[in-house]
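Order as written gives the chain letters A, B, C and D; numbering starts at 1 within each chain.
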Amino acid sequence: MAGRNHLYVPGPTNIPTEIMNAMNVDMEDHRSPIFPNLVKPLLQDLKKIFRTETGQAFIFPATGTAGWEIALTNMLNPGDKVLIYRFGQFGHLWMQMAKRLGLDVECHEIEWGKGIPVDDLEARLKADTDHQIKAVLATHNETATGVTSDIAGTRKAMDAAKHPALLFVDGVSSIASIDFRMDEWGIDAAISGSQKGFMLPAGGAFLAFSQKALKAAETATFPRCFLDLQDHITTNKDGYTPYTPSTPILHGLRKSLDILLAEGMENVYARHHRLAEGTRRAIAAWGLKLCAHPGFESDTVSAVVVPADKDARDVISTAFNKYNISLGGGLSEVAGKVFRIGHMGNMNDVSMLGAIAGVEMALLDNGIDITPGAGVAAAIEYYRSTAL
Amino acid sequence: MAGRNHLYVPGPTNIPTEIMNAMNVDMEDHRSPIFPNLVKPLLQDLKKIFRTETGQAFIFPATGTAGWEIALTNMLNPGDKVLIYRFGQFGHLWMQMAKRLGLDVECHEIEWGKGIPVDDLEARLKADTDHQIKAVLATHNETATGVTSDIAGTRKAMDAAKHPALLFVDGVSSIASIDFRMDEWGIDAAISGSQKGFMLPAGGAFLAFSQKALKAAETATFPRCFLDLQDHITTNKDGYTPYTPSTPILHGLRKSLDILLAEGMENVYARHHRLAEGTRRAIAAWGLKLCAHPGFESDTVSAVVVPADKDARDVISTAFNKYNISLGGGLSEVAGKVFRIGHMGNMNDVSMLGAIAGVEMALLDNGIDITPGAGVAAAIEYYRSTAL
Amino acid sequence: MAGRNHLYVPGPTNIPTEIMNAMNVDMEDHRSPIFPNLVKPLLQDLKKIFRTETGQAFIFPATGTAGWEIALTNMLNPGDKVLIYRFGQFGHLWMQMAKRLGLDVECHEIEWGKGIPVDDLEARLKADTDHQIKAVLATHNETATGVTSDIAGTRKAMDAAKHPALLFVDGVSSIASIDFRMDEWGIDAAISGSQKGFMLPAGGAFLAFSQKALKAAETATFPRCFLDLQDHITTNKDGYTPYTPSTPILHGLRKSLDILLAEGMENVYARHHRLAEGTRRAIAAWGLKLCAHPGFESDTVSAVVVPADKDARDVISTAFNKYNISLGGGLSEVAGKVFRIGHMGNMNDVSMLGAIAGVEMALLDNGIDITPGAGVAAAIEYYRSTAL
Amino acid sequence: MAGRNHLYVPGPTNIPTEIMNAMNVDMEDHRSPIFPNLVKPLLQDLKKIFRTETGQAFIFPATGTAGWEIALTNMLNPGDKVLIYRFGQFGHLWMQMAKRLGLDVECHEIEWGKGIPVDDLEARLKADTDHQIKAVLATHNETATGVTSDIAGTRKAMDAAKHPALLFVDGVSSIASIDFRMDEWGIDAAISGSQKGFMLPAGGAFLAFSQKALKAAETATFPRCFLDLQDHITTNKDGYTPYTPSTPILHGLRKSLDILLAEGMENVYARHHRLAEGTRRAIAAWGLKLCAHPGFESDTVSAVVVPADKDARDVISTAFNKYNISLGGGLSEVAGKVFRIGHMGNMNDVSMLGAIAGVEMALLDNGIDITPGAGVAAAIEYYRSTAL
């Protein structure tokens, strides 16, 4: 099929050519005296993306899934109680992981489409008078439903309850894309991955931990080695790594950080919001609804609900096979009900308009009653009036 | 500015990643015993793109402009009369080149927007009873106006006039994109460049000459060396080149030929036609006109006329500066009057819809009265109904 | 410093340009219907490198260190006794990992420079009449000392003792480089990484397990998720992965497997042996000794002992800072005593001669009494007489 | 054949990875308003490589051969007398070009191995009392014989003769590698190509002309277009080009200039001299002679004479087929008599030692009586004692 694949899955995201080139490096000795010149600034600058000055950043040659496990096994102990609200596939998987690892998981079901209920959280934490709950696990941006939770509010609820639990935040699809403030929001474990807002391939788990979390890590008893934090702390200090790092990921991250920090994180957030809002205008113009309830809309991915008599998988299949567009599918409880449009990373107005126009074709082909061009027209008006 | 530049100039065209990678080669000895294993099949397979079995193909480390000069200086002699119809900037430049080289140029002015008037040509050639005209210079696809001329008809006119002039065809923006049949149409010199349908960077002039042209080359007296054909004939025979070749261009061309021939030239032409037609539907839906008169529409580039009270340069500037889309500008006589949308090379439906949507924004921003989404809607309907 | 860095560390190894290009891919949807077309053949062809037909291969987006842990935590249970011989830094680290994970480690110290004592092993296993030992951990190629152990002999010893323990083999620096026969040698867990014989960057743990090992995995109780095998088994069946894979590593592996299998594994082994033997001839000509005792010499890396009054770190530092050659350092017990020359992966005669000549300079600069050119002369004679 | 090809032809030279990556660019609109931001500084910085402040630099999408022709056809007129000394294949080719273009060529034969005889030149120019000679054509570095001529002396001879002829210098294999001073030496046309000291692929002709030469260009009557200077002058002024440029070459040149200027041209020259001298020490230690006579040795390429009863082609063939080393062959009069080792561009000590060791093998294989390791030993001693 001629022409490029148009990739709008919510990760991996499109990689800018300059990052691609930055990864195209000759292999090198990761024990050389000059290697720390690469590693040390990376770890410092990574903190600026997480918006932390007091925390410490880490890079693992692994994925976001490993990031979840690093937080759980390094800061907690077997049998510890953790609190999680389940409202999407990625929260579900993190919850399942916690169970499999032998944690005592208290999981509250929330309608898919909503996020963390901060009032409920406050009440629950107040009720936990003997502080059995050791950690709150929060999915900042639930990729499966296109839902963003209120992490500032989550912290406020914890503070209101005067609860000492650690706050773990899955920021895989939020960090480097939407507003994230580790220090200000009192986050203890911030977890991200390379293949989303960082615009890199998968293969890097990027993390930051608060001093409180690092303190807890000193006495954590989960058996672990590859995902152990202490080995990184020991070697990172001198600019090295506990085992062979992926140097393409490191060099690519250098370029990614340079690009993000040059733009400025507030501008990065604003850009993602604007692209997302244009997409939402298109969806509304189609007469379709987001999976996300009002107030929970994500700026990195929109999950669009198809009419009840249609299967979203058909839309996705048409988009891919007939038009070479890759959309995200509905996962688990929303399989067949939603398709997802990623608007994360190296995107701009015309990228999104291509997606919107392509989706229009796939919707029409599948008998979904929309006015051709209506979505594009709505997005165009928004983009035109808000372009810098 | 975040996100990729969306490139819709009519060359250089977007390069597929696999061609980009094919060019990323270690340098090599172009005099090695294995180098002919690269060169010989290239020269053979290139003939399949030109659709010639009896002609001979050539690769120069230069550009299409050099290709024009190679044809003129290797097949003609100073003072020879050549006939050309001028109906666009690239035809104009070729005509000017012929003059500067000392040829006796008979140039007929044709309204920009039309192509070669084959009836007129037949009449003119019949009038040239002593065969003063040594060559007819035909711009197959005039990139500046988005006009495709009838080369089969040109040959028919020459045959009807029983005129022995050579037929030189500038196919820079047609070969490897739209229907081109060197042998069937009796073309003596076919000229192309790497940065259009071949989906390579500029830096390769790809040519094919008929046996009749090669015969003429044997006695041509223009002083020339770098652009001399004979040096290539002598060295190509054994798979070598007369001077250092650009090996990235050669390896990229290998991949380009593999891609084009695997798709099949008829399919390549059909694909370009379909993408072009969708674009034209959008332009019509905007209520705008092509520069090309009916019957002359190009399948590689559409030149769109803006309303008389508007300056097309403003549209192009808005598109570039506000939306990161690169459109082609109007050149010379049509400067300010047209903007051009390339639909050549590594494109597909969503690529074109992105262009159309982006252009809609730029048109609206400049006060051109179109219905937002109208162009996209028209293109969508066409693409949906014609997709394979 | 002008010119390329000459990399002779025993991993990461030099990456061929064609593998580098194969990794330079646009991001793609790893849940697309065509993604299994990439994954399934990879997992099948990977088995050919491990030389197993009955086992199953796995790819983790992690490193060889993770590979060690995958074997230990998926096939064993907390408190299980494992037997290991410690004769180098990488065996040491694996042993330490086993201890940290809560296994009951029986570690026998072996002089660094020797490998697994197969007679001793047989005796020890015979003495373990109630089969307390659940697994034998064997470092096939100890990178730190340049020692290759006899895995066929290890299996023979286990069979002679009629002992049912699993045989885990660290083949990180042997697989895809030196003779390795998973099925024939009755290996239950074969562990490798991308950045050695596979000529890829770090970031891929490549593994194969026997049916016996996979059976044990069904009931293993170690808490684990990211490194869990079952999630891979479940998803790999259909050509997918349990979490986002590193697609550059997958595409690079495709090219790596194509190259290795086209050469043929026996030829790959012979090539490594020949390059290693030439290097050893040079070392002998210098009057220096290998760390490896006779019979244990590795074909992927040579650890060279410097005279007792010298510090190998100075040689390495000179080589790097003055001549831009990267050599491997001595680790742990042999720090300062040895430097290491890797001859693994994308190497040939001239690569090794460059290394040898460069090392000669660094040796001379540090007052080590060798005859200039002597090492090169010895290697030259060997390479000349054995070249195909 | 495993491992990389070791490339020691005197061009194309090895490309540093960072330059390779710099060329891996998305296509762009060369008529965009930001394109001059690339072109203008390139043309300015290029002058620093040519060491001219008063001259003007040019970039053609062509090769060094075109560069020769550009100088001849833009500054001279048909029938003009030019003076050239022929002492190698590249000077021969330039002389032939001059003849073919219709210039009146006065060619003096000089023994191959020597360079321009400056005393003879002075005498000849003094004898040309009516200044019939319009240009002296000087091959600065004759690649075929490894001979560097004295351009400062050439200028001195011209001045002593008070002769107004233009001084054209072929610096294809000298500029950006060995001492070159356009202004100081009064050079009127300096010609170079991308694939030598600039460490780029072929495809760029880089030139600089004095004001005197540019004045001559205004009235030059050779028919020319693609190679016409005036079209470049007109468009370069605003940062554009007269026809589609090769943007990979432009971006690669940007990186090349950055690297060269950061090192400093004096350091670049010193580095080339040092690598060359080490190679010459090796050649002397083999008991072989350079083609270049004393005082004419080139710092970019050494042409080595094989014993009279041997054929250098066999050495080259063995090197390539058995050891994957690419050496330069003898051309024309010295075919079979010499092989050539390039030491130009992205090289360092270990690169050259690999070449020397590899050549030793090929010499021995062909029965040439050298002491194995002797060449390497001599080079080692030189490199060790002169390393910074």
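Definition applied: a contact is a pair of C-beta atoms (placed from the backbone, for glycine too) under 8 Å apart; a residue touches a chain by one contact, two chains touch by 3 or more.
Everything numeric here is computed off the predicted structure, so don't read it as measured data.
Common neighbours of subunit B and subunit D under the contact rule above are A, C. With centres defined by CA atoms alone, the chain at the far end from subunit A is D. Counting C-beta pairs in contact, the pair that comes out ahead of the other among A-D and A-C is A-C. One simple way to say how far apart two chains are is to compare their mean CA positions; for subunit A and subunit D this gives 54 Å. Once the centre of each chain is set as its mean CA position, subunit A and subunit B turn out to be 46 Å apart.
For the pair subunit A and subunit C, the distance between mean C-alpha positions equals 35 Å.
Under the contact definition stated at the top, the residues of subunit B that touch 2 or more other chains are 4, 14, 17, 20, 24, 26.
With chains as nodes and touching pairs as edges, the resulting graph is complete, every pair of chains being joined.
Contact residues of subunit A toward subunit B in the complex are 1-4, 6, 14, 16-17, 263, 271, 322-325, 346-351, 353-358, 360-361, 364-365, 371-381, 383-384, 387.
Those residues of subunit D that touch subunit B in the shared complex are 4-5, 7, 9, 11-15, 20, 23-24, 26-33, 61-66, 68-69, 73, 78, 97, 100-102, 193, 195, 201-203, 222-228, 242-249, 317, 320-321, 326, 328-329. Subunit D contributes residues 17, 20-22, 24-26 to its touches with subunit A in the complex.
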